[in-house]
Each structure stands twice: as C-alpha cells, then as structure tokens.
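Take this structure, written in structure tokens, and hold onto it; I'll ask about it next.
Chain lettering (A, B, C, D, E, F, G, H, I, J, K and L) follows the sequence in which the chains are written, and residue indices restart at 1 in each chain.
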Amino acid sequence: MSKQIFVLNGPNLNLLGTREPEIYGVLKLDDIEIRLKKLAKGLGIEVDFRQTNQEGDLVDWVHEAGAKNAAIILNAGAYTHTSIALMDALMAVESDCIEVHLSNIFKREDFRHHSYVSKASLGIISGLGAKGYDLALLALNDSIS
Amino acid sequence: MSKQIFVLNGPNLNLLGTREPEIYGVLKLDDIEIRLKKLAKGLGIEVDFRQTNQEGDLVDWVHEAGAKNAAIILNAGAYTHTSIALMDALMAVESDCIEVHLSNIFKREDFRHHSYVSKASLGIISGLGAKGYDLALLALNDSIS
Amino acid sequence: MSKQIFVLNGPNLNLLGTREPEIYGVLKLDDIEIRLKKLAKGLGIEVDFRQTNQEGDLVDWVHEAGAKNAAIILNAGAYTHTSIALMDALMAVESDCIEVHLSNIFKREDFRHHSYVSKASLGIISGLGAKGYDLALLALNDSIS
Amino acid sequence: MSKQIFVLNGPNLNLLGTREPEIYGVLKLDDIEIRLKKLAKGLGIEVDFRQTNQEGDLVDWVHEAGAKNAAIILNAGAYTHTSIALMDALMAVESDCIEVHLSNIFKREDFRHHSYVSKASLGIISGLGAKGYDLALLALNDSIS
Amino acid sequence: MSKQIFVLNGPNLNLLGTREPEIYGVLKLDDIEIRLKKLAKGLGIEVDFRQTNQEGDLVDWVHEAGAKNAAIILNAGAYTHTSIALMDALMAVESDCIEVHLSNIFKREDFRHHSYVSKASLGIISGLGAKGYDLALLALNDSIS
Amino acid sequence: MSKQIFVLNGPNLNLLGTREPEIYGVLKLDDIEIRLKKLAKGLGIEVDFRQTNQEGDLVDWVHEAGAKNAAIILNAGAYTHTSIALMDALMAVESDCIEVHLSNIFKREDFRHHSYVSKASLGIISGLGAKGYDLALLALNDSIS
Amino acid sequence: MSKQIFVLNGPNLNLLGTREPEIYGVLKLDDIEIRLKKLAKGLGIEVDFRQTNQEGDLVDWVHEAGAKNAAIILNAGAYTHTSIALMDALMAVESDCIEVHLSNIFKREDFRHHSYVSKASLGIISGLGAKGYDLALLALNDSIS
Amino acid sequence: MSKQIFVLNGPNLNLLGTREPEIYGVLKLDDIEIRLKKLAKGLGIEVDFRQTNQEGDLVDWVHEAGAKNAAIILNAGAYTHTSIALMDALMAVESDCIEVHLSNIFKREDFRHHSYVSKASLGIISGLGAKGYDLALLALNDSIS
Amino acid sequence: MSKQIFVLNGPNLNLLGTREPEIYGVLKLDDIEIRLKKLAKGLGIEVDFRQTNQEGDLVDWVHEAGAKNAAIILNAGAYTHTSIALMDALMAVESDCIEVHLSNIFKREDFRHHSYVSKASLGIISGLGAKGYDLALLALNDSIS
Amino acid sequence: MSKQIFVLNGPNLNLLGTREPEIYGVLKLDDIEIRLKKLAKGLGIEVDFRQTNQEGDLVDWVHEAGAKNAAIILNAGAYTHTSIALMDALMAVESDCIEVHLSNIFKREDFRHHSYVSKASLGIISGLGAKGYDLALLALNDSIS
Amino acid sequence: MSKQIFVLNGPNLNLLGTREPEIYGVLKLDDIEIRLKKLAKGLGIEVDFRQTNQEGDLVDWVHEAGAKNAAIILNAGAYTHTSIALMDALMAVESDCIEVHLSNIFKREDFRHHSYVSKASLGIISGLGAKGYDLALLALNDSIS
Amino acid sequence: MSKQIFVLNGPNLNLLGTREPEIYGVLKLDDIEIRLKKLAKGLGIEVDFRQTNQEGDLVDWVHEAGAKNAAIILNAGAYTHTSIALMDALMAVESDCIEVHLSNIFKREDFRHHSYVSKASLGIISGLGAKGYDLALLALNDSIS
C-alpha cells in the first residue's frame, strides 16, 4: 500500500503566479503540484493536491484525510488566521499536519502573525516559497507509512 | 399544524463520537438526533436536524427557519466565535434561537469564550453534553406554537 | 436516602419581580422556589433554596454543600463576574455545579460576559428565565444519587 | 465593447427589505438592482449583480471580475469585518473596488468599525442607503473603459 | 411626613481622621455625621447615617432605602471600584443616589478611576472633602419629598 | 427659498494641490469649490464653502449651519480623529451631515481609522478624491428642501 | 477687595437649552449665569462668566485667572477629555479649580470617562445639572479670600 | 508586654488539607496554627490566628490589629487579587504586614498574578507552603517589640 | 539672502519661569528668545520666534514657514501629544523641523511619551532645558542655506 | 557529602549599599554573603555565592548548579523581568530554586511586577531585604540533601 | 571556494537531550551537528556550528557571518523572543538567514509566539525537531554559492 | 584635573557606515569618535569612547563611569528598548547621562518608541545623526567639572 499525503490549498492560491508575484513568487499552483508530485513519486508517496476558496471545503478535506489516514500539508491561506473551524478539524483527526506558507507571514501585516492552524500542526514552514512544500513532504516522509 | 424546530449543527460536529471524546462525549450526531426526535415527538414538535461545515449554509438555513417560522437550536461549533454573518442572520429573522454547546466553552481556550451567536439568541446552554439539546427543546416548547 | 441539591442565589435576587422586570421577569424568588421544589419532589430530590447578598455566605454554603455531597445550582448574580473566592470554593469541593442566569448575560454589558463561576462549573444555562432553574435540576438529575 | 461592473453582495443581503428595516431600509435587493441597472444603462455600463451567503463565493467572484477586467462594487456584509480571504482576493486582482454599506457601520457595534475590505479598495461609501450603490457607480464611471 | 436620606459609608471610612489624613482629612466620620445632620435638620430632612466594611451590608441598605423611598448619599469607599453587586442594587431600586468621595479619585491610582456606582447614580461629587456630603444633601433637597 | 449646504474643510486642506499630492491629489481647494458650486447650481443648491485650521471655528460653523437649517458636508481633516468637540457640535444641531475624505483613511495609519465625526453623521465617503464632495452633494440633494 | 471666580465654559455650551435637552437640561447658559451671579452676590463673590469653542481661549483664560488669583469653575465640555493643554494650564497657575459637568459623564460613552481636567482640579461635580455650578461656588467659598 | 502578631486567613483556607492538596498541601489550617504558635512561643510572640470567608471581616481584623499595634501575617486567599478594600485597610493602619501564599501564585492563572495586598505590605512569601507562615514570623520578629 | 528659522512655541510656554520651575526651569520665554537670537546672529540666521495657545495658529505658522522655506524649531507643548493636525501640517511642507522639549517628556506621565510631532520631524531634543533650543539651531545650521 | 546551594546575583547587585539605599538597603553584597554563609555553615550547607552583570553568565551558572544537583537562590535583578533565557535554564535543570528580591517588586514600577523567573521557581520571597536570603536558605534546608 | 553556512545556537541548547526531552527531543546538540555536517558535506557546504548562552555572542557571530558572506541557520532559543539586538544584527548584514526551532513555538506559551528574528529572516521552520536544521540547509542550498 | 565623559555604544554600532546607511548614515564609528574627540579636546574634556555587543558590558561601563564621576553619552542601540538592567545601572550611579540615537527612533517601528534608558537620563537627542554626539557633548559641558 502506497503512502498518501493530502496537500490542501486555501483561498486565492489558485491565482498564484499572477497574484502579487513580489510576495508569492512566479510559479503557478500547477507548477508546484507537478514539482511536488515528482518528488513524492521518488519517495513512494501518493499526493492528493487540491485548492478551494471555501473554508468549509478545507474542513471537509481534513476530515477525508483523517478517514484515509493520510498526512496533510496545509497552506490555508487567509483562513490560517481566522478559521477556528479548520483548527478544530485538524484536532478532530489523527493525521499529522505541516503548515506551509509561501511568504514569511511574520514579516507581513500583524493580522497574519497569528495562526489557528499552528495550534493543531506538527510544525510550520514559512517564507521559503514553493520549496516549502517540498521540505514539508520530506519532513512527513518519516512519520507516514 | 405541528410545531417545527430547526436543529442546526456547524463544523466538525459530523465527527462526534470519534472527535476528542474526552471533550465532546461518545455519542454520535445521529444518536443525538434520534434521541432528540423521540423527545420532540412526545411534545408534538417536528425537528429538522442538519449539519454542515460551511458557514454560508448555516446562514441559509437560519433564513429558511425564519421563512417557516421555525424556532432554532443552534450549535454553531467554531463559527460561534467567528461568524458575524451568522449573528446577522439570526437578527434578520424572527425565530427564537437557543445556543447549545456540548462542552463548557467557558472552561476552554480564551477564543472560545466569545460568542457572536449569543448576541442574537434567547439564551445559551453550554457544558451539559447531548442533554443540552433536550433541555433547549424543553425551553423552546413554551414559546413555539 | 433522598438526593439533595443546594440552590444558591446571590446579591439582589431577593428583589426579583420588582427589580428591572424587563430584564429579570415578573416572578418573585419565592415563586421560583415553590415551582422548583414541586418539580424536585417529583424527581425525589430535596432542594435547599437560599439567597444572600454577602459574597462570603455563598462561599460558606458551597462548603456546606460539599460537606453534604449535595449538587449545586448557583445563580451568583453580580458575584459571578467578580468573585474568585466563589470560584475557589467550587473548586475546593466535589459537588457538581450548574451556573444559572435569568437573563442572557452575553447580551448585556461587557463586564457581565466574564464568569469566574463558569471555570468551576459543569455547565451554564443563561437567558431562559426562571425555567433555567428547572432545566438545571433536570440536568443534574442524572449525576446525583 | 461595453464597460462592465460586478456588484457583489454578501451574507444576509438577500433579506433586505424585511431585515431590520430601521437599519437597512425598506428596499429589497431586487429593487436596488433594478434601480442601479437603469442608471448603469444610461452610462453605457453593464452591471453583473449577485448575492451570496458564502465567503468563498465572494472570493471566486472577485477572481472572475479580475479576469474580466471588471470594476467591483462590493457590499460584503458581515464578511467585511472578518474575511482576510476576501481582502486578499481584491489585492490579487487589478480591478478597482468601491466598498459600499447601506448603514453607517461606524455608528454601530465596535466589531463593525473594522473593515478588511477597505484595505484593498479605492474607497468606501457607508450610511447612504441604497443610494450608495448609485454613487459608487458614478465614482467608478471615470476609471473604467 | 419628613423626608428621608440614607447616608451609606463603605469600608475603612470608620477610620477617618486617623487614616492617611493627607488624603482623607482630619475629620472623623462622627464629625461628618453631626455636621450633616445639623444641615439636614434645617432642611427638614431625616438622615440615616451608617458605615460598614461588608459589601453585602451596603447592598442590604440600598434595598432598605428603596423600600422606604429614601434617597441615598453613597460613599462606597473601595467597593466603588469593584462592586457590581452594589451597582445592581442601586439599579434595582428607585431611590435617587449621589456618589460622594472625600478625595479626588481621578487624581489617584488608575484602579480608582473606574466606578461601578457611577453607572447607577444621578451624579458624583469627588475631592471636596467632608463638604461633599453637605453638597450632596443640597443637591438631593429638590428631588425628595 | 433656495436650499443651502455648508461645505466645511478642516486643517491643512488649504494646502491641497501642493500637499502630498500622491495622497491628496493635484486639485487645489479652490478647484474643488468651483467644481462643486457648478454642480450645486444645477441642482438649485447654494453652497457655503469654507476652510479653517482652528478646531473651534469648525464648531462655530456647525452651529451656524444648524441655525440656518443648512446641511453639512464636512471634511474635518485631522480633527476627524481627535475632536469630540466637533462631534458634540454635530449632535447639538439638526443638520444632516456627510463626512468626506479625499484619501481612503482606512488604508492609512491606525490613528486615522477612528472618526469622532462618523458618530454624528449620516454617512461617510472616503477615498474617492475630490469627486467625494460631488457625491456627497448628490446624496444630500434628496434630504434638503 | 471682593473675591473673584472665573466660570469658564467650553465648546457647545453656548447651545444649552436647545442641545439634546434630555441630556443637558432646558436651561440656557444665560439662565445659569444669572442664577449663579445672584448666589455669588449673596456670598460677596464676583463672577466672571465666559464661554468659548476654542481650546486655546480656555488656556488663555486660565492664565488670566491665575494672574488675578481668581478661583475657577470649569466646564470644559469636550475638551475635558482631550486637552492636555488645558490640564497644563491649570497646573501652571495657583488658582483652585473645580470641574463641573451638567450630565453624569460616567454614565455616557467610554471616551467621556477620562478627564485631563480632573488631574489638575480640587474636585469634580458631575451629573447634577445647572445646580452643579452653584454647588461648586459653595465649595470654593471657603478657599477664596 | 509580649509582642503580638495577627495571622489572618481568607476565603477557603478553612478547607486546607482536603482542598486540592496537590496545590495547597495536606496540612490542615489547624496544623499550621499549632506549628506556628509553637515557633512563636519560642520567640516570645503572641499569635492571634483567624480565618474568615467574608471580605469585610478581614478589613475589620486589620483595623483591630492596627488598634493593638500588632503586626500582620496575611494570607488573603482569593481576596488578594480583588479586594481594594483590604489594601486600603492595610494602608490605613501602621501595622507591618507580610503577605503569605501557600502556592506560588505566579505559576498559576493570570488573574492570580496581581495582588492588591502587595501594594500595602512589607513583602511577600509565596510558594513555600505552610513553611511560609514560619518564615514570615521570623521576618517580622525584628520589626515588632 | 539670510537664512531663516521659525521657532514656534505652543500652549502654556508663555508662562515659563513661573510655571512649575522644578520641571521647566526659571528662564522666561523672552530670555530664551534673546539668548537664541544672539546665537543665531553669530551664525547668520534670522530667527522668527513666536508663541501661541491655539492649535490652529501652530498649523498656520508651519504653513507660513513652508511658504518661506524656513526651517522650524518646534516646542509644541501639550499639542505634541494630541495634534494630528500639527503633524499633518509638518508633513505638508518641506521645511526641516526639530522637535524640542524643555523637560524629558519620557520621564513624565505616560500620555507625554507619545509625540505626533516626532513622526514629521528630523529629530528630537528633549530634557536639556533652554539649551535644547540652541542645540537645535546648531543642528539645523548645516541643512539651511 | 555536604549540601550545596548556589546563590546567584544578577545585574547591579555588585553596587549594593551605595545604590539607591532607600530601596535596596545599606548592606553591601559582601555583607550579605558573609551573613548567609554563617547561617549556612550552622546548617551544614555549602554556599557558592556569585554575582554577574551578564545574562548569559546566569544561564551558565544555573546549568552548573543543575550539573552539581545544587539548589539555587536567585536574585536575578533586572533580568527577572526580561530573561526568558534564564527561565528556560531553570526549567532545563532539576535544581530547586527560590527567587529572592530585596525590595518588594510589586510596589514598584509596573514592568517589575512580571517575573519570568517565578514561572520556574518553587517560590518567591520579596521585600524582606537581605533577610530574604536567609529565609530562602531555611526554606531550602528541607528539600536538599 | 566552498560554500559556507553558520549554524548558530542560542541559550540552553547546550543542554539538548537532557532538557525537557518531551519538548526538545532526545538528540544532543553534538548529534545534530554531526548529522548536519554529513548532509552538508554531500552538498559541498562547509558548516560552522556554534552555541552560546550570551546574547552578545550571537550578535558578534552574525556580524562574522556577514563579513564572510556566509548564510545563517539560527536557532536563537529564548533570545528569539526578546532580542532586538539580534534582529538588528541580521538586518545589518547581507547574509540569508533561516530561523529554526525544534519545538513548534506557536503551540507553547504566548510569549514564545513573537519572534524578533523572523522580521530579519528569509523564513522559519518550527516544530520539526532536529530535522528542521537539515531542511534549512536544503533550503539555503540554492541561494548560496 | 581634566573633565571626563564616557561615550558608550551598544550592539551593532560597530557596523556603522555599512549597516543600513539610509537609516544610520555613512560615517563609521571611528569617524564619529575622531570627530567627537577633536571637539572634546577644544573643550578640555577627556572622552572614553567604547562599543560592545554585550548588555552586561554596558552595565559594567556605566558602573565604571559612576566610580570615576564621569558623565555619560549613551547610544545603547537595541538595548535601549529592552534593558531594564541598563536603566538600573544608570539609576545606581550619580553620573549625568544623555541618550543619543543616530536615527529618529520615534519614526521607526513601534518597539523602538519605548526607551528604558530615557527613564534614567537627563535627556535625549534622537535623529540628528552623528551630530547628535557633538550636541550631547555640548549639553554636558556645563554640568561636568
């Protein structure tokens, strides 16, 4: 049985590449997905890569990951800072989760310094661009089976 | 014409029974629904019992309850603390609403001590587990017809 | 041996019925006591119903309830918001306690939104008027013997 | 090619006319749409007028406006105050946006004084009722083509 | 029937004259009582002058004043700043109340700048020493009968 | 009798056109006055257009507007954020007032996000440049006679 | 040489009698002046009674009172809450000052609970209407000569 | 004449030994009294050891200690954090006071980190269990006579 | 053409020498002016030295300095802490400004620790008494011509 | 094997006796050391008494105490309030620690009321002067061996 | 020329392996160094690995890294949260820096949620244990040469 | 005997000239020293000019200055904002101290607006670049001997 990781992307990440590239970089979300899947394949990991602008969809998908014992890489975008529902979802399942942000959220506006997601995650990787997804995958590689 | 009550459940409540049972108890949401409907039947009340992880669905359903002159028992989960939209929906309709929480939210993290829902509800029952739904039903029994 | 519940009422509740009836209702405290004792009798519960304007009396009575293994229904009035002593008393005994408020304290002034009593109670029923006492009795009915 | 403006309405605005008319006025949302489209027609502007109770839909529609180079008139209702996702969406596109509120949000509860939407808008018109939509249209008339 | 005014003094005022005289003056509480009663007599007012160190006693006495339709001059001492119970008592009765402080509480520590008593009083006289009691009596002279 | 509107401009607005044009635009205050009076003339409205750097002058002029039953368009500049006196003046008269700001004050420093003027105004138009004055005139057009 | 007291009134007090009479009463400022001067005459006190809407005028007048060794009764209106300049003026002179407010500022909006004037005054009389001026005169009667 | 020290204990300390022993230890208050009196006897000090759940009693007893020139060891329990009245009492007398807490209040909930009593005490001993009383006695031994 | 510097002094500085000399020193404002002009003369600088108690006058004078390309030494007194209007005036002109305070405002009350003037000044000299004016002149000497 | 206690003193304590003696007393640090060692000798305890102005030295010494199983008496001076590093050091070792302050830090400036050291100590003795060291030694006497 | 990276470790990290292993893991700092250097060798990177308990040493070492154009992996321990000096050092040099924490600091005490270091770093990796150092090395691998 | 002044420079000031020159200017610290010593020589003042990145060194040097009765010019860099130890050191000695900053710290990040050093200094000169050192020397010139 192959290992499985859900990579869940939140609001506005569908615009990557065009959206404020000086902050978020020039890669499109598709580019990140392709790159990450290539890395995952080499590690024998199956990646389920999704994006949504709905808070509730992220909650649903975390539940789904929990049901499938999949680990989670979560870039919840703006919901990182406002969604207790998403934090509760992560606490309700047993999946390991690593929080990823393309930009260094701690160098930006004050309201981006607080993360509900962090309270229910193993750890956080922020500010390392698309490479952050790769590092998260490597970090989870040990703890999934 | 039978009396009608909407019982609206918010995010993550679909995981009841498996989700942090030391906080939320071992009953599943279905169990609560069955138990509550039995009590309601004896009182001649029709219960419409729903769950969603989407904030906007709760808003829609409150509107629907308002249109049907149904009273509301609302366990909004995490949206309790963050959703002004839900508070506004309750204020926009004339339905009586009682806020219910399985756990005692005032013994938990600080961000769970504030409820937007409370500002638009008759009252609150918190910390009494699944029995809180029953008590809310009894409390509404006088004010619906 | 019959079951026993202390119903403890704090400051200004002796004026119920005349005090700001648009907030607190028209029932007098005696009316609430009579109604509640009738319900309790049917459940085989003995109710000890008291009121005081002194913070220290509430502390004493909580100790007494603890010594008698009686459960507690506590409407601490204004001391709800200011008395750490009362919270400590509840924590010092093993009696179950349910916090009751006639009005919905979360729709009132900010300083009424915080409750020390909540931190030492099973749960809270607020905003359901005199009926809140009855519901608290029903809620405690399972957990006393 | 005719000019295009998206008029996006957030949660509970579908209840306009019945919802707390002393705050929001007696016009229904349909009335506002009809009136605005008449004004727009005279200015050679095409208006796409929508309402939703879902935060994510507003994010989607802002993206759509961006893709079509349409300007935006946005009454985000309660999401005005809580949605960083919506602010991010507006920042991610190049469409001009004017924020509109029927009531004067600065005379209401404290939590309505803060707007995430404002941080990504040209300007705000608040408290001028349905006429605010018309004024926003006039204001955008110069900057679209 | 002669007019009646309750003059209620809170904690530590029994030590007047010896207690920090640079703040509170050299008059004893008895001196203030004698002086005030002389003034009251000339105005045909009966003064009931009391002191206590117990918060609950002040609540009781406010109730008693309410029952007798007596106006109240209240120097609640430290309970001014901490007693919601006392504020509630004043709100529960129909007696006019004037808040008096010997020292100017607004020139002292921050925690003395807030008064719960003020929220339930006609007005406040602070910093004018024992003369403040006389002025309060004169102020109430019109409104009692 | 022709309709009358006072257009009151606060501190530093006399420097418009030269003062930080990237924020406030290149129009001089005279230009705005001329443009606005042309629009007003067409609507049969008499405009009294003034500027001052003194807080007290704004208070005086609001009183004068009140005495003449004139509506008010008020750009109070920095006094927007600090002058309770000006808010009180607006509350003391029966004139309708619309608050106007050239820049979007909600995108600027935190201390510009709070407006005392808003609490005594019908509404606010902010961030739409000199055009904001025109829109305010149109908005008041219905309510003056 | 007769004793002298400056009675200084701040912004918007010139509108007394017409301005929000439910808060400020129906007496005009002239009425208060006449009444107060009659009382003063009986006490052999000369009253200099003034009103201004300019913060700086109040500062000037306090200086003038200081130069003439006159005591001060000060109703600084809204400048009470915002003017450090006025506080500094009072501290710079040796005149005794009593702060007067017609309404009970502690029952009103939060921003009216803080007074810079208090920090430089003997005491405060608030909420006793026009009578507050009379009481302040009586209070100062002993300390001037 | 023998030296005298009042040892005053506040709310819930009568339950010592049974109350949350992991926090407060297993000694009863009587045990502490006996131990302390033995130590005191050796030092020629007379100890008056009392406990109450009423805030006002502590105020009274501090006054009594002041009248007898007795030093004070004060464990005010929860009133430590809420009683300005008690702080004022200590300031009103000339007795030296040492504040004692069984637990280290600075390692507990935030609301236990603030002490009004500290502001009127020589010093504080916290977290050293029943031994803290003994140390306080030793500390006061020099300063009483 | 000689160099020009405006030295602008705010409220209460006209009382220097008599006003709280332990804080502000014994020099009168005239003394400071004379001393400073002597120093300026040696440097070939023309000093325009003014004082006012009106906030708006300071705004006007800053505008005047801007129009004359004069640098500014500004001791805004209490308006330092409250006047956004003054800060805006400084930002609206291109004159260099150095903020001067006689006392060290950072050792005084908290409300004197914040300066709006600082945000629009080159720098600040505080606590060095009248000599601060001289140092400011020396500092500006390089940057004016 | 003799018992060992590290007595660690932080910044500025090397100036004891000359430094603000009205706050810190007239004893030099050497005097305290001599006195304490005499007491320790009688108890069979070896005292290692040190002082440093470097935060990192305190961290090192705590590590050293941990390695030697020595208990700690810690007067960290100003680092008490700012050093998370020191708190972490105490948490990293198993040594018992008692926090000592010569002055009563809770009667001084607000920034001295918070102690990071407290969160990692058994208890605190504050305000009892040099005697506080002796009392700490007595308190530790039972728990070391 | 081989690439160079400074790996700088702050206070208490010398105790790794023994210090609260449930938080920080069981690896010693030496183990981490060995593992990291092996990885670095494969990438052709030279690692300079250091630890100190002195804030100033970290500042010095950051300067040294800057002088050598070395990138930085920085686990500043407790100084992360308190050291503006360290942040300034990072801003003063041109070296890329990645902040690493063994534990997830956002799940711990509030005072650990703020990082001065973040404001001067490319990004942060927190909560991934010793592996975080490896990931940081991989992340820096692209940007150094 | 010649006069002596210690000029103490804190963290990162050794990088002056290369460190963010748009903020701190292009002069190196050596340049400032040379310039200042030339000025000092003319005034008959001996300057001891030092720099350190260690908080404790600054404390030591302040002590040394105190022992030598030398005045102090202190640019504590980042320790300005965080070091209570340094403030305490300044308070412990009798040396006059003037605080100097190259940049105007009040125009920068919020955490740079607070200075512990200010509370123990005669005054502050901020924002006037390297010239600030010269001005401080001139200011101290009178008070040293």
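Everything below uses one rule, namely that a residue touches a chain if its C-beta (ideal position, glycine included) is under 8 Å from a C-beta of that chain, and two chains touch if they have at least 3 such contacts.
Remember, it's a predicted structure, so these values are computed and weren't measured experimentally.
Peer 1: So which chains count as neighbours of both chain F and chain K?
Peer 2: none
Peer 1: Could you tell me which pair, A-B or I-L, is linked by more C-beta pairs in contact?
Peer 2: I-L
Peer 1: Are the interface residues of chain H and chain J largely the same numbers on each copy, more than half shared, or largely different?
Peer 2: Same: most residue numbers at the chain H-chain J interface appear in both copies.
Peer 1: Counting in whole Å, what is the centre-to-centre distance of chain F and chain H, each centre being its mean C-alpha position?
Peer 2: So the centre of chain F lies 63 Å away from the centre of chain H.
Peer 1: Calculate how many whole Å lie between the centre of chain G and the centre of chain H, each centre taken as the average of the chain's C-alpha atoms.
Peer 2: Centre-to-centre distance between chain G and chain H: 47 Å.
Peer 1: Report the inter-chain centroid distance for chain J and chain K in whole angstrom, where each centroid is the mean of the CA atoms.
Peer 2: 31
Peer 1: Chain I: which residues touch two or more other chains?
Peer 2: 54-57, 82
Peer 1: Throw together a list of every chain pair that touches.
Peer 2: A-B, A-D, A-K, B-C, B-D, C-E, C-H, D-F, E-G, E-H, F-G, F-I, G-I, H-J, I-L, J-K, J-L, K-L
Peer 1: For the complex, which residues does chain C have touching chain B?
Peer 2: 98, 104, 106-107, 113-115, 118-119, 121-128, 131-132, 135, 138-139, 142
Peer 1: Under the stated contact criterion, what part of chain L meets chain J in this complex?
Peer 2: Contact set of chain L toward chain J: 54-57, 59-60, 63, 66, 82-85, 87-89, 91-93.
Peer 1: For the complex, give me every residue of chain H touching chain C.
Peer 2: So the residues of chain H touching chain C come out as 10-12, 14-15, 18-20, 52-57, 77-79, 81-82, 111-112.
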